[in-house]
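Look for subunit A in each of the two complexes below; its partner is subunit B in the first and subunit C in the second.
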Partner chain A sequence: MKPENVIICRCSDVTLKELFDLFEDGYETFEELKRIKRVGMGPCQANTCGKMVQWEISKYFNIPLEEALFHNIRPLTMGVKLKAIGVQADEE
Partner chain B sequence: MKNKADVVIIGGGISGVSIAYNLAKMGVKDIVLIERDYLTSGATGRCGAGVRQQWGTKANCMLAKKSVEFFENAQEILEYDGDIEFKQEGYLIVGTTEEEAEQFRKNVALQQSLDIPARMLTKEEAKAIVPHLNTDVVHTATYCPTDGHLNPFTMTDAYYKAAKRHGVEVYTYTEVQDIIVKNDTVEAVVTNKGTIETPVVVNAAGGWAKEIGTMAGVDIPVFSRNHQILVTEPIEKIQGPMVISFSHNIYCQQTPHGAFIMGRGDKDATIGHDTHSTWQFLDRMAKTVTTLLPPVGDLRVIRQWGGLYNMSPDSQPIIGGTDAVKGFYMACGFSGHGFMLAPMTGLLLSELITGKTPSMPMDDLTLSRFDGKTIETKETSVV
Partner chain C sequence: MNEAPFVIIGAGPAGLSAAEILLKSGAHVVLIDRSDRLGGQLTKQTHMFFGSEKQHASKRGIDILKLMVDALSGYDNLTVHKETTVVGMYKDKTLACLKGETYFKVHAQAIIVATGASEKALPFENNDLPGVYAAGAVQTLMNVYGVKPGNKVLMVGSGNIGLIVSYQLMQAGIEVVKLVEAADSISGYLVHASKIRRYGVPIEMNKSVKRAIGKTAVEAVELWELDEHWQGIPGTEEMIECDTICLAVGLAPLTELMQQIGVEITFIGELGGNVPRINPRFETSVPGVYACGDVAGIEEASSAMIAGKIAATHALLNAGIEVDKAESSLASWRQELQGLRNGPHGEKVRKGLEKLGVLS
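Moving on to the complex of A and B:
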């Protein structure tokens, strides 16, 4: 299949071709890819594409899979309504 | 890696890439940009993405206004294939007291004298622009319709690609460890991957600008402090402008993607390079936003992070060289507003390096303005 027809990140609609273009431009890591194309930043939070992105990085740059690092995950791990946090803070 | 260059720029944030692009466009050859991590890994990729011209000092107003003029055409000028997402739907600055309103009037008078289209608003007029604004906690407001939002990642990418097309070499994941100075003149930059001989080095290291200065023996009166910020789930568009308040300590905008981003300052945050997230920030931020913009409280926060403000004594940037060390230039001390000023940062510093007359007066931007002098002009319109 042609890279432009392969969707890697379904949430943000990013193709394999777009990933390759980023590699060509000099971007080498998951951290960089997600910042420019939102790869892994959608509702699934890289649960679907994460492994595939690591795999493509590893293949393209010819590095072991373990070195194609997953992106940094920051708090919160689950969405919480701001209002709920605000009310809780008031009670303390 | 090259072992010789005409200019070495330290820092791959928005300032570094803008300086690289501007220098290359002016015809400077052999430019190298060095970034310890990846592009935007510093404050640039952690910022609020806000662009405003409503400042309280002449220098900040002029820098911001001329930068907005560039952003309006940046997509074409830089021939960018992505989208810089420059959205001009204004900044609404809301105040809580008559005293603050007085300051607003002074600021707006200054801004208007510089042709910035800002104006005073009553709280009712403010509510007409942002219908979910809680006017019970607002006294007056100011508004500038040409302020707005800009994507830090794609804007940096746009400069980076244009700089590369002009021949700039960029080394990411490379750390500057020392600067060699002989006879008060820059000679070389030492990195963990090799040494590059160069007559000119540019310090665009953001939160680490002071440490880079120390390497060259230049004392830069800046310090860094953690500023936290959060993002919510994306929703349909409900808010055009950035809403900001110095007295409520908040800035909050909806990005073109639909998510809300908001942050606030913490004067008690320790000085240094810590960029941790805290639950205290989350608590205070949640309370502030639900008070000022109640419906935003219904959104789920999905992520929070921190980044460094590099503070100068008067909250205006330091852009230029120093008599102490020939060939050493700096662009730092942006005090929380260096993203929006980057076009002018790049232009002015490149003009200085190539010996051209700068496009605006530099008196309020030089390092020497702090030489044993008391500070007369200070920017106070900061969160």
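Moving on to the complex of A and C:
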């Protein structure tokens, strides 16, 4: 298998090879991968890539899936124009 | 800010049945769904349901949807926001919503999260080629929009979604060249599997996709056999011509909103992955926030319908609202739920619920 041809994160075009390289460099958690490669920060908000990231972490470091922690999730779940928030704030 | 005693997020089978219970009590209900039509996945389920008569067995999903939506008509205590996405949930139970370009907030006393699930993807070479679809997306394309996804399909996964969508592809005149399953047995109902087998679709176990092949879109797929650790075995590769790879490899609960307010989430593989830790009243670790349907663990639509009723009844009782015959209704719904989870196909769910500590 050529990991450079396996897309894990479609939103930010992150390949399995790039995850492996980060694992080699000592990054072990979803949160770290996200900060460096933006995995899980695109429109899907990890709904597509998240489970694959968890699975790869669990496989690479040989830890149970339960321990391959998910990333932190904060509002908002999708892009909202500042104008829309501004209009709402004015009304309030 | 808009004030609402009860907000339901998601108008699928769980959300719609919860809405009916809440509305009957006279309480004001805000029902939010990101789609332009109510019903969640029922909108594309043209097949007849199994399960129990009480959950409309032997009716088609799309007809059940009509019954459930009709049951909400005539209530003036209902506000429905379609095409509206809840983009943020805050600890004081304020929800940030986006409807087109309009951003607004709703403050709830109690929230019923019925957001359902998303489809899992699969890592293989060239998995971003056009022609690689999730099975639910294919079902939406065909059954909601009348669009053929391709002409020659390889189906991956033998759960009920993989089996039913295979049959529906054939109904649409599309060839299903093969169905492969990574595990060593068919995971959906045998009656569905037999049907597509009778129509000549080979169903093969311990096999998965090694890579998709094609320049600008899928032209073929290379399969390989898997060992007992689900690892591909070199030398077992086989090439199949197809223009569509359809992934029916499971669902994952959409828990992201609950994670925003620190609802306790735990990983239970049998329930689809990250699920909220709910109690038998379907309440999460944050009081007043309930989770039901697939978001609380992947099950059938019929189970989601009952879960919605139970969650809504407890939400009412907790808010100090009297519910007619609450105890006996709850007891019979729990019994129905148990009935649906009985038998070999409920085994995975029962195991998952046992881990969650809520096996009723």
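Criterion: the second predicted complex is superposed on the first by the 90 of 92 C-alpha atoms of A that agree within 3 Å, B and C clash if a C-alpha of one lies under 4 Å from a C-alpha of the other, contacts with A are read in each partner's own complex, and residues count from 1 in each chain.
Basically, a residue touches a chain if its C-beta (ideal position, glycine included) is under 8 Å from a C-beta of that chain, and two chains touch if they have at least 3 such contacts.
Only a predicted model underlies this, so the values are computations on that prediction, with no experimental measurement involved.
J.: Quick check on the subunit A-based superposition: subunit B and subunit C, clash or fit?
T.: Overlaying the two complexes on subunit A (C-alpha atoms) leaves subunit C and subunit B fitting together cleanly.
J.: Does subunit C touch more residues of subunit A than subunit B does, or is it the other way round?
T.: Counting residues of subunit A touched by each partner, the higher count goes to C.
J.: In the superposed arrangement, which partner chain does A:35 touch: subunit B (first), subunit C (second), both, or neither?
T.: After superposing on A, A:35 lies in contact with subunit B but is clear of subunit C.
J.: Thinking of the overlay built on chain A, is A:26 touched by subunit B (first), by subunit C (second), by both, or by neither?
T.: first
J.: Looking at the overlay, does A:65 come into contact with subunit B only (first), subunit C only (second), both, or neither?
T.: Touch status of A:65: second partner only.
J.: Just checking: does A:76 make contact with subunit B only, subunit C only, both, or neither of them? Give me first, second, both or neither.
T.: both
J.: Please indicate which partner A:85 is in contact with in the superposed arrangement: first for subunit B, second for subunit C, both, or neither.
T.: Both partners, subunit B and subunit C.
J.: Across all Cα pairs of subunit B and subunit C, what is the smallest distance in the superposition, given in whole Å?
T.: 8
J.: Residues on subunit A in contact with subunit B in one complex and with subunit C in the other?
T.: Dual-contact residues (subunit A): 74-76, 80-81, 83, 85, 88, 92.
J.: Where on subunit C is subunit A touching in the complex?
T.: Those residues of subunit C that touch subunit A are 1, 85-90, 96, 98, 101-105, 118, 120-128, 210-211, 232, 252, 254, 256-257, 259-260, 265-267, 269, 273-274.
J.: Under the stated contact criterion, what part of subunit A meets subunit B in this complex?
T.: It is residues 25-29, 31-32, 35-36, 38, 74-76, 79-83, 85-86, 88-90, 92 of subunit A that touch subunit B.
J.: Could you pull out which subunit A residues touch subunit C in their complex?
T.: Residues 1-2, 5-8, 10, 16, 45-52, 54-56, 65-66, 70, 72-78, 80-81, 83-85, 87-88, 92.
J.: Mind pulling up the subunit B residues that touch subunit A in the complex?
T.: Touch list, subunit B to subunit A: 38-41, 45, 82, 153-154, 157, 161, 164, 170, 172-173, 232-233, 257, 277, 282-287, 289-291, 296-305.
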